[in-house]
Amino acid sequence: MRSGDEGAAEGPVDRPAGVPPERRSRRRRRRHAHPPVGASPGTLQVDPEAHPSRIAAIGYGPDEFVAKDPIAFEAIAALRKRCANVWIDVTGFRDVGLLERFVEQFGLHRLALEDIVNVQQRAKVEDYGEHEFLLLRMIDASSAHETEQLGLFVGAGFVLTFQERPGDCFGLVRKRLADGAGQMRRRGSDYLAYALLDAVVDGFFPVVEALDRRLEGIEESVLAGRSSTAVVHELHGVRRCLLELRRAVWPLREATSSLVRGETRHFSADVRPYLRDVHDHVVQLLDLLENYRELSSSLLDLHLSNVNYRLNEVMKFLTIIATIFIPLTFVVGVYGMNFEWMPELHVWWGYPACLLLMAGIAAVMLWWFRRRRWL
Amino acid sequence: MRSGDEGAAEGPVDRPAGVPPERRSRRRRRRHAHPPVGASPGTLQVDPEAHPSRIAAIGYGPDEFVAKDPIAFEAIAALRKRCANVWIDVTGFRDVGLLERFVEQFGLHRLALEDIVNVQQRAKVEDYGEHEFLLLRMIDASSAHETEQLGLFVGAGFVLTFQERPGDCFGLVRKRLADGAGQMRRRGSDYLAYALLDAVVDGFFPVVEALDRRLEGIEESVLAGRSSTAVVHELHGVRRCLLELRRAVWPLREATSSLVRGETRHFSADVRPYLRDVHDHVVQLLDLLENYRELSSSLLDLHLSNVNYRLNEVMKFLTIIATIFIPLTFVVGVYGMNFEWMPELHVWWGYPACLLLMAGIAAVMLWWFRRRRWL
Amino acid sequence: MRSGDEGAAEGPVDRPAGVPPERRSRRRRRRHAHPPVGASPGTLQVDPEAHPSRIAAIGYGPDEFVAKDPIAFEAIAALRKRCANVWIDVTGFRDVGLLERFVEQFGLHRLALEDIVNVQQRAKVEDYGEHEFLLLRMIDASSAHETEQLGLFVGAGFVLTFQERPGDCFGLVRKRLADGAGQMRRRGSDYLAYALLDAVVDGFFPVVEALDRRLEGIEESVLAGRSSTAVVHELHGVRRCLLELRRAVWPLREATSSLVRGETRHFSADVRPYLRDVHDHVVQLLDLLENYRELSSSLLDLHLSNVNYRLNEVMKFLTIIATIFIPLTFVVGVYGMNFEWMPELHVWWGYPACLLLMAGIAAVMLWWFRRRRWL
Amino acid sequence: MRSGDEGAAEGPVDRPAGVPPERRSRRRRRRHAHPPVGASPGTLQVDPEAHPSRIAAIGYGPDEFVAKDPIAFEAIAALRKRCANVWIDVTGFRDVGLLERFVEQFGLHRLALEDIVNVQQRAKVEDYGEHEFLLLRMIDASSAHETEQLGLFVGAGFVLTFQERPGDCFGLVRKRLADGAGQMRRRGSDYLAYALLDAVVDGFFPVVEALDRRLEGIEESVLAGRSSTAVVHELHGVRRCLLELRRAVWPLREATSSLVRGETRHFSADVRPYLRDVHDHVVQLLDLLENYRELSSSLLDLHLSNVNYRLNEVMKFLTIIATIFIPLTFVVGVYGMNFEWMPELHVWWGYPACLLLMAGIAAVMLWWFRRRRWL
Amino acid sequence: MRSGDEGAAEGPVDRPAGVPPERRSRRRRRRHAHPPVGASPGTLQVDPEAHPSRIAAIGYGPDEFVAKDPIAFEAIAALRKRCANVWIDVTGFRDVGLLERFVEQFGLHRLALEDIVNVQQRAKVEDYGEHEFLLLRMIDASSAHETEQLGLFVGAGFVLTFQERPGDCFGLVRKRLADGAGQMRRRGSDYLAYALLDAVVDGFFPVVEALDRRLEGIEESVLAGRSSTAVVHELHGVRRCLLELRRAVWPLREATSSLVRGETRHFSADVRPYLRDVHDHVVQLLDLLENYRELSSSLLDLHLSNVNYRLNEVMKFLTIIATIFIPLTFVVGVYGMNFEWMPELHVWWGYPACLLLMAGIAAVMLWWFRRRRWL
């Protein structure tokens, strides 16, 4: 059974050092671009940087459970015959030929497969007659910020998942199948599809909570008056993550909503309440993201107000010091002049009188500042 | 009969000192997270920090009223037989086993119970055939800012409420049941459910009015020109509360609206006008929250404008003082030079002429400032 | 016949001096709060600060007109028998017992009356079978900024209005009834209800136009560069009024729209075009309010830009003066030093050369400022 | 045939000099206010400042064309008998009596006429059984910024237009009728109504393009760094125009959309594609206005950033000059002191050493500024 | 076969030098204005600056392929007879007469042709009975920022495209037709229309990705603190492009959505899934544009915060230097005064004491700055 660590071990290899994770993800994203403009629909673009392909399969029924990882493509047909339901999980899209063999064997629609391979799609649900197609974005297990693409086909007796990269959030689902506890083995492939969809949606929550913690840290800094440039950069990073997540989750809302409305034949009526539950979670996610977006903009306001306040403080201090000493410096300059006829210079009380005058000027100034509440 | 004070006595124990209440509530919220990603639906997560569970029950009919607090689970069945309607009120979710016994006895849907236990859900209404399920957020009686979760099941002859924490806003409802005045005892469980829903919604108004008072205080400070950092922090606190409240109330709108549209069988037609009234209150709450949001952003603008204005004042003052004295200081510096050949120094009118010159410069400067309306 | 002056004479008594009208209205508003959380629906809260109750009645038919102000409650029944249509106008909600007698006599719904008495409701339209209930907010005749609550019941042969405070905008409607000109007397109670609704909506226009004038005054100040703090406070006041008005008018849109769609039996088909006209006016009001909101935010931008510009001007002036004289002051300081060996001091051309040098420095500075377009 | 120049000749008479056009239009607008609050519906308010009324008429059929300008009201009936279709064009609303005669002769609805006379209405379409009523706002030919009101009735064989002020954009429509080219004469009054509606909508485009040119001018100034106060005022003017235009065009969208949906009997099915074309133009106008709104807000950001940048520049310059010379001035001050025991003053290398010291300080400062990238 | 280079060679001729591309495009856009206000519908305006017209044609069927570029208008009829499907591609709208001949031969609707010629329309889909009309905006191959207009008619056996300027993104579609690979030749004209629509939509992606790269460059600059004016100008340029693109793509959403809903007869049911795919791409484009818009506004905030921060730094530095030296300069000024009776001047420890005093003042100042965390 694959673990998330495998993906983590593989992932960091091709990452440039010293680039913040938010930006790295964008750079990688752009690599797998669309097929050339005007290309035939269903064209599967060979992407040499895609992860190598690998198939894992689980066959199960009320009383049986077979897990093979990896499994050869040829062995799938036998597994389908043996078990009531099979879950084929394909990871990595480098071997385009392999993907095309699935098209034939399971009668998939080429456009769906093109959507899967051209990562960066919006989540959607489509009914292709023989099977239902769900295109989802899920949190990449090897990173806290990136999402990877997941294609899911559900038909009579099978669930097919196509993951962009190794590492996923389906560990517990596999365990529930293996343990045979609960109702999962007794129910059809639609229930398994629901369980996977649920895991994808729930996988967003830890990431959202990490953002919550980051925002809380920022808030603490800002409220304590420690508003450095680092705070703004951190805030910008959070806003980017929020944008990214919203882009991933928003279309899910539409997709799960259409499942709940029962516009599809591939999910039985007794799975519907579970789908409604998933839909509620998606809406809750969006609520949280919206909340954090407003919170982050409130924090930015707070930060700017802090910065403004400090500028004010600095300027007030400068003004007080300067406006007290500038007139005094003028006075001492006057009595530093070398005119021959300056009677004040020649009386014995000239110097003390001058000092008193200056003290008086300073006192008036201070009184004035206090009256204006600058002190 | 339980009082709100009980909750207040228990609540503050686990609160860190010196943290503003808005942030404390977030921290606590995060504790009860989702069940592990991929877990079986309906999994009731045991949360050791949850409040201990306690059952209270009220049985009533047109001519009878029985209140037991606490009551053992086993005694509930007898009470149901004796009275036309029962209201079972469960507080605290620590005893997961107890909750599961309710699933069996009242035929509740496991997903609903999972939603209740995983606090931080959105308000919603769902029809599970045998009973209607309402998930609500209500103001935590032991705090002015936090909301707690309330699950409410209404079926034939029973109302079940599951509260996250002790202390609630149902005191008057209990009193109305005990007094037997009004129509409450004569009507069915749907009317009781309405009365509880109404109390939950009305419970938001005092909190909203407290925000109104806080905003008024801020406005007074800002209009009086006392725009310190404290004002901005207070404003930020209000905005957080508004966000929190909106997140709690917004989904209520949808939920009550579906009740008003009569999409459920569990509320009889003559309760519908009352539900419409509740719905109107929810919409009014949202109006107020929206209003305060706009008001708070207008106050922020006002504050920033104040700060800007004061910076302007300070700078103008500095500029006036500096630009008057800097040239004068230059002049006195000139006549402080030690050149041998400086004829001005040796005539008797040199000093008075110099003073006159400087007075003239100052006068011209002042005239210039006045013309530019800086004075 | 009551006049608006009566309200004006009574109103100011309880107003604290020196508080701007916008804030005063909020303070008063909060006084009549909701009934206690969890209270029985239809509870009429006795509010000792409410205006004393007073009943006025007008009975009319194609050929008759009877106006009694005040009228005793007991005389109403006789009037109803005598005239085809009656309009009972109740002002002030202090006498809760009186209101409850209306519930009995006219078969009103208690929830509707609770809504009326708990001022600060949203406008709405509800069909209670025997009668239609309209809850409206209308401009308080004794003030230019506040709105008061108006409840209106229309049934077969009667219109009941419940006004929060004395003084209203129905003078012309009463006059039209008294004069018997136009079609008003010939038509039923639904037409009278329309006429009152129309008067309420049209009553907002003068207030909105006053805001328009205030905004124009602000714009004039800002465009003329007179952007003082007073301008910002005035702008804030306008924004508060806009918020208040929008809160009052927005729900009216929904309410009148439901009347236009003909979802009620109490307005006959030939009154519908008139209701459509009222609805159009409501939408126009909202358009204007939205317009003014955007205008006020554009004015705030303009003001901030003005303030910024002036700060820039001040700083530029300071910089020019300071950077010209600071180097010069340094130069004169150099020749004010008391070193024994300073040959420049002892030549006859030392002083003029020094003056020339300084003139040169100043000229270079000025040229530099001009090149940078600071002058 | 009337020309736009006639309106232009008349228009400027009552304009106060020196007021920018945007504000002038608001002032004029307010003059024609609503009828008194509570007045009878359909009351035609006599406005002494309204333009004098004047009727022009065109009768046409496939083979005939009669144009009379001006025409007496009495001659209209004869013209209607003679021609298949007539277009009566009334300009100026001063003669209320005349308008009321149209009510009788053409069976118009009084509410529609009230809407026409009370200028400042929203555009709308209403079906009054016998005729369709369109209320539109069109660009005032005598000004580039203002809109005037146009009421249009279309019934069997007639089109009535009521224009607030002389001067319109129907010149080409008249010419097409007179020339007899195209299909206009062969088709019914609905086609003429479409042609007029099309002219009204197309009349907005030149105004919008003028705004585009103004925005382009502003952009050029801002990008070139010439961000004076004039730019902000100009930007504010553009935003006001955009608000005004959007307020005029937005309701048109709804109105034309209802025409396209075919909710009216007065436009035949073969005119529908043309109406769809008009609707597309309205939507395109709104797109442009929205675009310009966003552009203007982006320009404001750019301007503010410019202003900020320049303030920064000025402050940096001041700081550099001041912080270099302030320490130097201190040093020369030290050696200007008159202490008897100051050994540095009496050695021959004192003066050059002091100059070197000061050069060193200045060099360090400059190096520091360069390292911080302030230079 | 035409290439994009041809367009590129022609394009730059009429471009003024030194104008950024974003603004150039607007200038050009305005040239082709609407026909005169009130003109007959379907009027084809002769635009002397339009590109010269040129026809290219491709005829194809399952087993045939004929490409003629250019082709005379007279040869089209023969080609239609010979091949099952023809694709006529007209570039440049200068020859209005030629366009009108298409109206006759293919029975096009004049309004559609007017829309095509009056560039700057919104994308739309209209069903004119005999044929479907699609009005699209596509990226101009000769520029990275501009869009040109594309009109597309699809009917039984023919596809007509009208391009505003030479150069397009249909190269691969032509190649697929020529190669005969895939299903394109075997399917009808609706499939070709889909392929062209798909190419138009996919043509936006490279442009959007270029914007992504520009934003990434800006982000890098801003995060590195290199926030010059150039950054703001670049950001403004990106925002303009985003506005332009959104204006082009947004209406496409509606248009493709109506195709997907199957409101047209001209696309067969088996082409529908492909149209749904195109629609998904359009929605994805809009998602990206919205994302970039928010990102660019976040970057602007970041930039402004940077600028603010730097101003703060500069001011703090000035304040520290000035407030340390201004009092010291005052002190040295005092002992530069020429009073006869100044005892401090005549003691031997006067000078060192004065220096010590000044060192003390400076130390206190520095301690104060450090306590306030300004250092």
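In order of appearance the chains are A, B, C, D and E, and numbering begins at 1 in each one.
Everything that follows uses one rule, which is that contacts are C-beta pairs under 8 Å (C-beta built on N, C-alpha and C of every residue); 3 or more make two chains touch, one makes a residue touch a chain.
What you see is a predicted model; the values in this text were computed from it and never measured.
Listed by label, the chains that touch subunit B and also subunit D are C.
Fewest steps needed to get from subunit B to subunit C, stepping only to touching chains, is 1.
Where subunit D touches subunit E, under half of the residue numbers in use are shared by the two copies, so each contributes mostly different positions. Centres computed as Cα averages put subunit A at a distance of 26 Å from subunit E.
With centres taken as mean Cα positions, subunit C sits 43 Å from subunit A. Under the contact definition stated at the top, the residues of subunit E that touch 2 or more other chains are 308, 311, 315, 318, 322, 326, 329, 333, 336-338, 342. If you sketch which chains touch which, the chains form one closed loop in which each chain touches exactly two neighbours. On the subunit B side of its complex with subunit C, the touching residues are 169-173, 176, 181-182, 184, 195, 198-199, 202-203, 205-206, 209, 212, 216, 219, 223, 225, 273-274, 276-277, 280, 283-284, 287, 291, 294-295, 298-299, 301-302, 305-306, 308-309, 311-312, 315-316, 318-319, 322-323, 326-327, 329-330, 333-334, 336-342, 372, 374. Residues 20, 23, 26-27, 30, 33-34, 36-41, 109, 111, 114-115, 120-122, 124, 126, 128, 229, 232-233, 236, 239-240, 243, 247, 250-251, 300, 303-304, 307-308, 310-311, 313-315, 317-318, 321-322, 325-326, 328-329, 332-333, 335-338, 342, 344-348, 350-351, 354 of subunit D are the ones that touch subunit C when the two sit in their complex.
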